[in-house]
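The structure's right below; bear with me while I get my questions together.
For clarity, chains are labelled A, B, C and D in written order, and residue numbers in each chain start from 1.
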Amino acid sequence: MKASEEQAGAGVTRREMLGTAAWIGASAVLASGLGGNAMAEEAAKPRPSAYRGEHAIQPLPFDPKKLKGLSERLVVSHHDNNYAGAVKRLNLVQQELGSLPPDAAPYQVGSLKREELIATNSMILHELYFANLGGSGRTDGTAAGLLRAEYGSLEAWEQDFRQTALSLAGGSGWVVVAYDRPSDSLHNWWAWDHAHQVAGGEPVLVLDMYEHAYQMDYGAAAKPYLDAFLANVLWDEVNRRVESARSKKTT
Amino acid sequence: MKASEEQAGAGVTRREMLGTAAWIGASAVLASGLGGNAMAEEAAKPRPSAYRGEHAIQPLPFDPKKLKGLSERLVVSHHDNNYAGAVKRLNLVQQELGSLPPDAAPYQVGSLKREELIATNSMILHELYFANLGGSGRTDGTAAGLLRAEYGSLEAWEQDFRQTALSLAGGSGWVVVAYDRPSDSLHNWWAWDHAHQVAGGEPVLVLDMYEHAYQMDYGAAAKPYLDAFLANVLWDEVNRRVESARSKKTT
Amino acid sequence: MKASEEQAGAGVTRREMLGTAAWIGASAVLASGLGGNAMAEEAAKPRPSAYRGEHAIQPLPFDPKKLKGLSERLVVSHHDNNYAGAVKRLNLVQQELGSLPPDAAPYQVGSLKREELIATNSMILHELYFANLGGSGRTDGTAAGLLRAEYGSLEAWEQDFRQTALSLAGGSGWVVVAYDRPSDSLHNWWAWDHAHQVAGGEPVLVLDMYEHAYQMDYGAAAKPYLDAFLANVLWDEVNRRVESARSKKTT
Amino acid sequence: MKASEEQAGAGVTRREMLGTAAWIGASAVLASGLGGNAMAEEAAKPRPSAYRGEHAIQPLPFDPKKLKGLSERLVVSHHDNNYAGAVKRLNLVQQELGSLPPDAAPYQVGSLKREELIATNSMILHELYFANLGGSGRTDGTAAGLLRAEYGSLEAWEQDFRQTALSLAGGSGWVVVAYDRPSDSLHNWWAWDHAHQVAGGEPVLVLDMYEHAYQMDYGAAAKPYLDAFLANVLWDEVNRRVESARSKKTT
């Protein structure tokens, strides 16, 4: 999540921010052959939005003591280490991108852009994942209707969703139900890592299949984790996302 | 693009459709232990939308003789082989997914889901790529305003866009300018292959960096291809996409 | 590991083997238009070695109760679920590859070949990982000499090895020290998933950084896992691998 | 290929080397808080072998005018742009890795290590690819015997090899026949990009399926490129690689 100035870098220690800024600033200044006052001026220029790196860590949107079958220890570790780590990393990557010299080698640009994509999707998908937990797991409403239309029945949708999830067990990845505007439909998508995503789809139900999402509670047993996930889905939030996305169709 | 019944499978020869259907149908029927009449009944059931595989090949939205610096031979080969091939493949993959038995091995599900994602994004991104060509290359309007807001100036945006593109030269990938609803902004994204995409972003300007997009005209020289691409961008279409996507913000 | 006939499929239940064979055999036979006796004959033909899928699960080469800082529960789960699962999957994938019709769609070949590579490397790397555990962690001998030559000192090697490992924390991947024949040297290599590997390198020290290698004992804390791993390395085995690989240099 | 001191950096212009060294050196020195004389001393220290980045570009091992069905223009562009570019990039990446501060962020290490793997395999596989061209295409000798043992017949091997290659058409990747010491066998392996490779395999026959390997001569038509490749294979070199690799089996 992009943050306003005050919140900026909430999750990054002051030391980390300064350390990186010094490292990056120095190399950029040296690369440009500036010194003395020019260096100070360069540092004072406002960074464009693209390279600001001010995404703020969002708190868990539910009481982690209250999920069914997912322990507080697991959920808090997931949030504080994996999600928060991605936000902090994204901020550093975007700032480093902003300090690359105009003649940076293509591999320097490409490798940072790759990290930016990985960290951005990790941030976005984790936020959506946490925000679609905390519910009763009872499927109904707009999303249920669209899933029936796409898969024939909710049971058929759930089978496809579970099979996709289990194909990722023991490794990394996500299962994302995405809304597609042109066809006004929902579909289950497989992702091997954070960077995989359907083009133009709006993620409305997000399941984390990285092992950090369940190993602590379930070890290698992905099936009971899936049961627990589905029992905690907040379908009101899923429906809200679908309705927001479909209120305006691409023409 | 999903197609209506009449158009279904336009790009797949009848022989291909039948061959696959026979192969898939037979294995599904055997796996389920059915035979005789049951087999016929199973084959007669309508396939759910998710597994219908009826995406239709779209024609080029411009006269391929009229692009500046991109030859008819290149553009037609790109459309007929790489894009159309992805649509045909997607149809086959989705039909095969629909015929997997309920106890399919996880790797069978996962490998087909991966192919579905790759072919889907190849279809979508190619359609957007062709549709954002055929213009004058003069940047203005809504998109230009948002790019200035994100990168400081259009020159700074173009430098970032070109550097991202050149980091992919000699291999495969896409550069996608995507609209992000929560922050009402545009951003350049790197993709190593079809499956990479920012979560929830709406692609508004799409550049194909696979070698099939330029080798025939430019060999290994990616820079003049980039010049040609930018000189042909149809910014009216880019602006239309931005305006359509931003008319409703996720709340 | 390829197995002799007697051991074949040790880790796959009889039911799994039969189920898959029936499914695959049936589809191949139907695809070829055979029936009755021809079907029986087809099934009787010996499968070429490439598609036999008879890799046997190796037992843990040490007493899992005796590692320092890695629990029996973690190590046994890692072996029985993640490693053994890869071997079983590889066998099924190779058998399915062997039953593809000559006119299989390119995506059917490609997606299975991808699964074959992933499962093969998972099998090989897990076997090497377990076999380089169970020791004292004291680095000396041939490997230590080559690591000093490559990195300046063992401390410098360990810093590079640890940094590479930590860059994979929270996700998936391997760190592999590989022997390169042409230059008679050892080098640390990063891998994002099973399929990444340096071309022509002989893996001599293998560290699993998938979360299933440590989450059960350490949660998200990758650093103490790294300490535990290094304290258990069996350098005699590492040295044996180096000496075996270097005894004949490619000329 | 690692180079002796004299050859170092043959393919990188002096300007590129100095530019990068200055950029990297400055950031490292600043990060370490050194200045004045300490800076000079730091720069004077010899770089460990791991970070020297002195791989030399190998010339084409045959007369590019003399291949059957592969034009001089294509082959020279492939060598001078794609292969030579990978060697130059690898040198820069390894030098940058050598100048990372001890407290570099994990993403900085990981993204450079990824680039190192990609560029290393691109260098190695291109060198093997060029060196297994320039022959008559007639398969016999040690390799032919092992391929018959693995696939049943040379025809069956070639069908598997061609199917694997065609599954990569229109994108990127390699097909690698690799020798496996433990089982004394050859096997066809699929690779989606440079970084994919079977663990511990010795590549003995290498086919480049990136579009830069054929688009200039064949456009999107991968089949005639495959015919041309097979007609030019230098099986004496393939046999030499197999014999060298098998002369010492891992015990």
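The working rule: a residue touches a chain if its C-beta (ideal position, glycine included) is under 8 Å from a C-beta of that chain, and two chains touch if they have at least 3 such contacts.
Given the structure is predicted, the values throughout are model-derived calculations rather than measurements.
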Task: Contact-graph distance - origin chain B, target chain D - done: 1
Open item on the list: On a CA-centroid basis, which chain has its centre farthest from chain C's?
Closed with: B
Open item on the list: Please compute the angle of the rotation superposing chain C on chain D (C-alpha atoms), rounded to a multiple of 5 degrees.
Closed with: 180
- [ ] Report same or different for the chain B and chain C interface, where same means the shared residue numbers exceed half of all residue numbers found there.
- [x] same
Task: Centre-of-Cα separation between chain B and chain A, whole angstrom - done: 23
Task: Between chain A and chain D, centroid-to-centroid distance (C-alpha), Å - done: 34
Task: Residues of chain C whose C-beta touches two or more other chains - done: 106-107, 110, 114, 192
TODO: Spell out the part of chain A that touches chain D in their complex, as residue ranges.
DONE: 19-20, 22-23, 26-27, 30-31, 89, 92-93, 96, 101, 103, 105-108, 110-112, 114-115, 119
- [ ] Spell out the residues on chain A that touch chain B in their complex, using ranges where they run on.
- [x] 1-2, 48-50, 100, 102, 104, 106-107, 109-110, 113-114, 116-117, 120-121, 124-125, 128, 149-152, 156, 159-160, 163-164, 166-169, 176, 182-183, 185, 187-192, 195-203, 241, 244-245, 247-248, 250-251
TODO: Flag every residue of chain D that touches chain B in the complex, lowest number first.
DONE: 73, 77, 81-82, 85, 170-172, 192-193, 210-212, 215-216, 219-220
